[in-house]
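Look for chain A in each of the two complexes below; its partner is chain B in the first and chain C in the second.
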Partner chain A sequence: MNDIISFISAHLPAFVVAVPLLGAFLTPLVSRIGDKSRNIFAIIITGLTSIFALLLANDVFTNGIRTYVFGGDYATGQTMVRILFEIDAMNAFMLIIAAILPFAAIVYSWGFMKEQTGLDKYYTLILLMTAGMLGMMMTGDMFNFFVFLEITSIASAALIAFWTNKGNAVAAAFKYIVISSIGALFVLFAIALYYGQYNALNMAVIADSIPVEMGFVDKIALVLLLAALAMKAAIAPMHMWLADAYGRAPSSVTVVLIGTTLASLYAGFRVIFTIHGNQLEQALNSWTIFGYEFSISLANMVGILLVALAVLSIFIGVFMALKQVDLKKMIAYTAVAEIGYMLLAVGAAIAVMGGDLEATAGYTALKGGIFHILNDALDIGLLFLVAGAVYYTAKQTSINKLGGLARNMKYTTVFFLIGLFAVSGLPPMNGFASKLMIYESTFQINPILSIVAILCSILLLAVFVKVFYSVFLGPKLPKFATAKEVPISMLIAMGIIACIIIFIGLFPDIVLQNVVTPAANALNDASSYIAAITGGI
Partner chain B sequence: MALAEFFNSLINSLDTGSGFWNPLVWGFALLIVFLVIYILRGAGKTSYKKGTEQTKPFLSGNPETSKESMHVKGENVYWGFVKSMKFIYDRFEKMHNGNVSDYILWFVIIMGIFFLVLGVI
Partner chain C sequence: MIYNIPFIAVAALILIGLYTVIFKRNLIKIVIGITLIESGVNLFLITLGFRKDSVAPIFTSNPDVSQTMSLPVPQALTLTSIVIGVAVLALMLSFIVYIYRHYKTLDVRKVVGGDDE
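Right, the complex of A and B next:
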């Protein structure tokens, strides 16, 4: 027994990706036995994946960075030609998100998708998407990242178009695959530039090889990666695909899509903090004006750019959400605004980077931004599941045609209220804790940023008060007189996420100390990430 | 010892940089506020009679229309705000035209700005 446990423990990084990947290809075979067997099989596979991911995250938080080499033994300092997973506390943090969302989505699907056909393909694709997302979060190899990005994109596009009888879903999938392919091509181009320059694909080796004074090609590679990953992370004004994709995909798919979007955001942070971490504090250029010398560092420039895009994302996301009449599209625009909050905090942290980050408000901003990644995944995820529940019962998501559903769907209404409080940053939910950190830290960096963030958060509350009133309150409409609460599997999935939201909301310091702070430290400490592969810098 | 540490960590406040946040303290304060509200409510009039004329909606003397038509549609909520912000929404709607070529154009524009700022400047 001990041998089995130690074997699993030694190969956890491989299992985390291999289990959903193998499960995906076995699903069509299991479907032959029966629908119930297939559903149980998918739940077991995602459950196992979640357990492995959480065990791996716990191991990393306890024992530090974990590396795993495919295709042979690895000794420090050896030429990095093999595919390599490197998991530090930041990766482990992302694994927690990836452990929760697909499991909730699969449990939810049991009831939500039961009337649909072609579910063997559905489960296969959702497991493939999960494997790709986990791979993106764990790999330490640039080309391997591209491969996982493509797996995720193709599976996601097919799932967005799953309801093929609805033309809009197919159009949304087409837009998604165009955007994803172009983004992935630019990522591949950047990888080729790094490979041409440094003869390496490993992230740590590339980071170690880039000189402190970046060359022109390094700058081009950085620009290509940042722009492509920003588009994949739906940062405004490159966010339009998200409203289409999130709005048209089945709700269970949207929940996993949130994870893949956040995986792209994580990759962007990895590029800035780790691959180009050594160059961040170097002066990009300096000017002498009236005898005074001004210089600006890469960190200042990247930080300012990210903050500008973040403010735009928050602004556009909130304003567009306020005008939507489709419930899912409204939540999708809210997701754009929420990504803006994360980017605002991390961008502000990068902008003030220099010297000892931990002594500045930038450190709190960084922690707040990372904390908000987890909170956003849960809050927006829960709201999409509620939107799916509304669609399941009412067969529509237009808020003009809905009303009075709280009388028929009591549990769903409670879950919506939890999601509403959380995403609007109302106490005592999780969103409040991370947003408070973002407000306070950005206020110290630039009060205007904090004011914009707070005002837009108030508008977010207004958006969901409107939804709550339009969809759940009001008299019982005759057309929904016979509407019933959703099946138990959907309630369980929403309940799992709601319980985690409440736990984080009530005990935010536990999550901050044990999960978020190690992740922020890991992201800020490129040298440890590099040293784990190269044996010291 | 470990259990004691765990319970201690449960009641720890979240350090937000220049302040702190403790949901349990907030919850306790909220409980006191609700208690005060409950006491004040108890001092109110008790003339409410369920199922009588006084519980029917009063619509300025107009007859009550069907339930479906009485419910304010979601689109009409915040109508004034949306109307007053029309100049912003007009621009945003032009951006969100559903044309994937335009989506790519925004990507090219942002990449161009990144290139100018990081690569050239």
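Right, the complex of A and C next:
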């Protein structure tokens, strides 16, 4: 027994990806036995994946960076040519998100997708998507990252078009696959540029090889990677695919899609902080005007750009959400705004980078931004699950045609209220904890940023209060007289996420100290990420 | 100069592909644009691995050490990328089939918009 436990713990990083991958291809076989056994099988597989991911995250938080090299034993110094997973506290933080979302989605699917056909393919694809997302979050190899990115985008495009009887869903999927394949090709181009320069595909080795004075090719690679990953992470003005994709996909798929979007965002942070971490404080340009010397570093440049895009995302997301009449599209635009909040905080942290980060407001901003990744995944995930529940009962999501659902769906209403408070940053939900950190720190960096952030948060509240009133309150509509509460499995899935939201909201310090702060430190500390690979040489 | 021709071809392929994706209105042409970008990137990868006067990187029973070999890693990467590209291409074309069935057109301007409630 001890042998098995030590075997599993030695190969945890491989298991985290291998279990959903194997499960995906076993699902069509298992579904031959029966629908019920297939559903139970999918729940077991995702449950097992989540347990492995959480164990791995726990291991990383206690014992530090974990590297896992594929392909048997290796001599020291060969690691750089192997495919490897490298998990530091930031990756472990993302693994926590990836452990929660697919599990909730699969449990939710039991009730939500019950009346659909082609479910064996659905479960196969959703497990593949989970495997790709987990791979993106753990890999330490650039080309491997590209492969996982493509696995994720192919699986998610097929799932967005799952309801092929609706033309809109297929059009949204086409939009998504065009955007994501172009994005992935430019990621590959950037990887090729790095490979041509440094003869390495390993992120740590590339980061170690790039000279402090960036060359022209490095700059092109950085720009291409950031642009492509921003496209995948739906940062304005490249957000247009997100509203369609999130809005047209089945709600259970959307929940996993949130995870893949955030995985791309994480990869962007990894590129900035780790691969180009050594060059961030290097001056790019300096001018002498009237005897004063001005210089701009790469960190200033990237930070200001990210903050500008973030403010644009927040504005576009919120204002587009205000005018939507479709519940799911509205939540999708809210998701754009929420991604803007994360980017705002992290971008502000990058912009003021220089010297000891921990002493400045940038450190709080970085922590707030990272904390908000977790909170956004949970809040938006819960709202989408509620929107799916509304669709399940009422068969439509147009706000104008819905009304009075609170009378028949009391649990769903409560879950929507929790999501509403969380996403608009009201205490005592988790959104408040991270948004307060963002307001506080951006106010010290530049007051205008925090004004934008608070104003748009209030507007978000306005959006959702309007929705709450028109969908759940009001007189009982005759067409919904027979509407019933959704099946128990959907309630369980929403309940899991709602419980985590309330837990984080009530005890933000526990999460902040044990999970978020190590993640922020790991992201800021590129040298130990690099040393874990190259240190032995 | 002769060794720069592949790189010029790479730039041309990617730019033509981008132009096609951005400015063409036909869904099939958009897909063609994406495959052009993909070919450009693949060509770039394969060109990176080439060394002057090199042979294919295959170890035979009697290796001739005097000859340089081209790098095998970019070739492996390109192969993977081609396989992924085929999957994406098939998926995109199948989407187009569905879109054509719903909208009876391949023009993006007529496909986008309209709610199906």
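Annotations
Following the convention adopted for this analysis, the second predicted complex is superposed on the first by the 531 of 537 C-alpha atoms of A that agree within 3 Å, B and C clash if a C-alpha of one lies under 4 Å from a C-alpha of the other, contacts with A are read in each partner's own complex, and residues count from 1 in each chain.
The definition used in the following text is that contacts are C-beta pairs under 8 Å (C-beta built on N, C-alpha and C of every residue); 3 or more make two chains touch, one makes a residue touch a chain.
Worth saying up front: this structure is predicted, and the values here are computed from it rather than measured.
By the touch criterion stated above, A:T164 is placed in contact with chain C alone, chain B being left untouched.
Set against each other, chain B and chain C touch different numbers of residues in chain A, with B touching more.
In the superposition on chain A, A:L95 makes contact with neither chain B nor chain C.
In the superposed model, A:V16 makes contact with neither chain B nor chain C. In the superposition on chain A, A:A406 contacts neither chain B nor chain C.
In the superposed model, A:V390 lies in contact with neither chain B nor chain C.
Look at A:E150: by the touch rule set out above, it reaches chain C but stays clear of chain B.
Of the two partner chains, neither chain B nor chain C is touched by A:I126. Once chain A of one complex is fitted onto chain A of the other, the partner contacts of A:M231 are limited to chain B, with no touch recorded for chain C.
In the superposition on chain A, A:L512 makes contact with chain B only, not with chain C.
Under the contact criterion defined above, the residues of chain A that touch both chain B in one complex and chain C in the other are 171, 174, 178, 182, 398. Taken in their complex, chain A has these residues touching chain C: 143, 146-147, 150, 153-154, 157-158, 161, 164, 166-168, 170-171, 173-174, 177-178, 181-182, 185, 188-189, 192, 195-196, 201, 326, 396, 398, 401. Every residue of chain B that touches chain A in the complex is listed here, in rising order: 9-10, 12-19, 21, 23-24, 26-27, 66-68, 70-75, 77-78, 81-82, 85, 88-89, 92, 95-96, 98, 100, 102-104, 106-107, 109-111, 113-115, 117-119, 121. Only residues 14, 21, 27, 30, 34, 37-38, 41, 44-45, 48, 73-74, 77, 80-81, 84, 87-88, 91-92, 95-96, 98-99, 102-103, 111-112, 114-117 of chain C touch chain A when the two sit together in their complex. Residues 171, 174-175, 178-179, 182-183, 186, 216, 219-220, 222-224, 226-227, 230-231, 237-238, 240-241, 243-244, 284-285, 298, 301-302, 305, 309, 316, 319-320, 322-323, 325, 361, 364, 368, 398-400, 402-404, 427-428, 432-433, 436-437, 440-441, 444, 462, 466-467, 469-471, 474-479, 505-510, 512-513 of chain A are the ones that touch chain B when the two sit in their complex.
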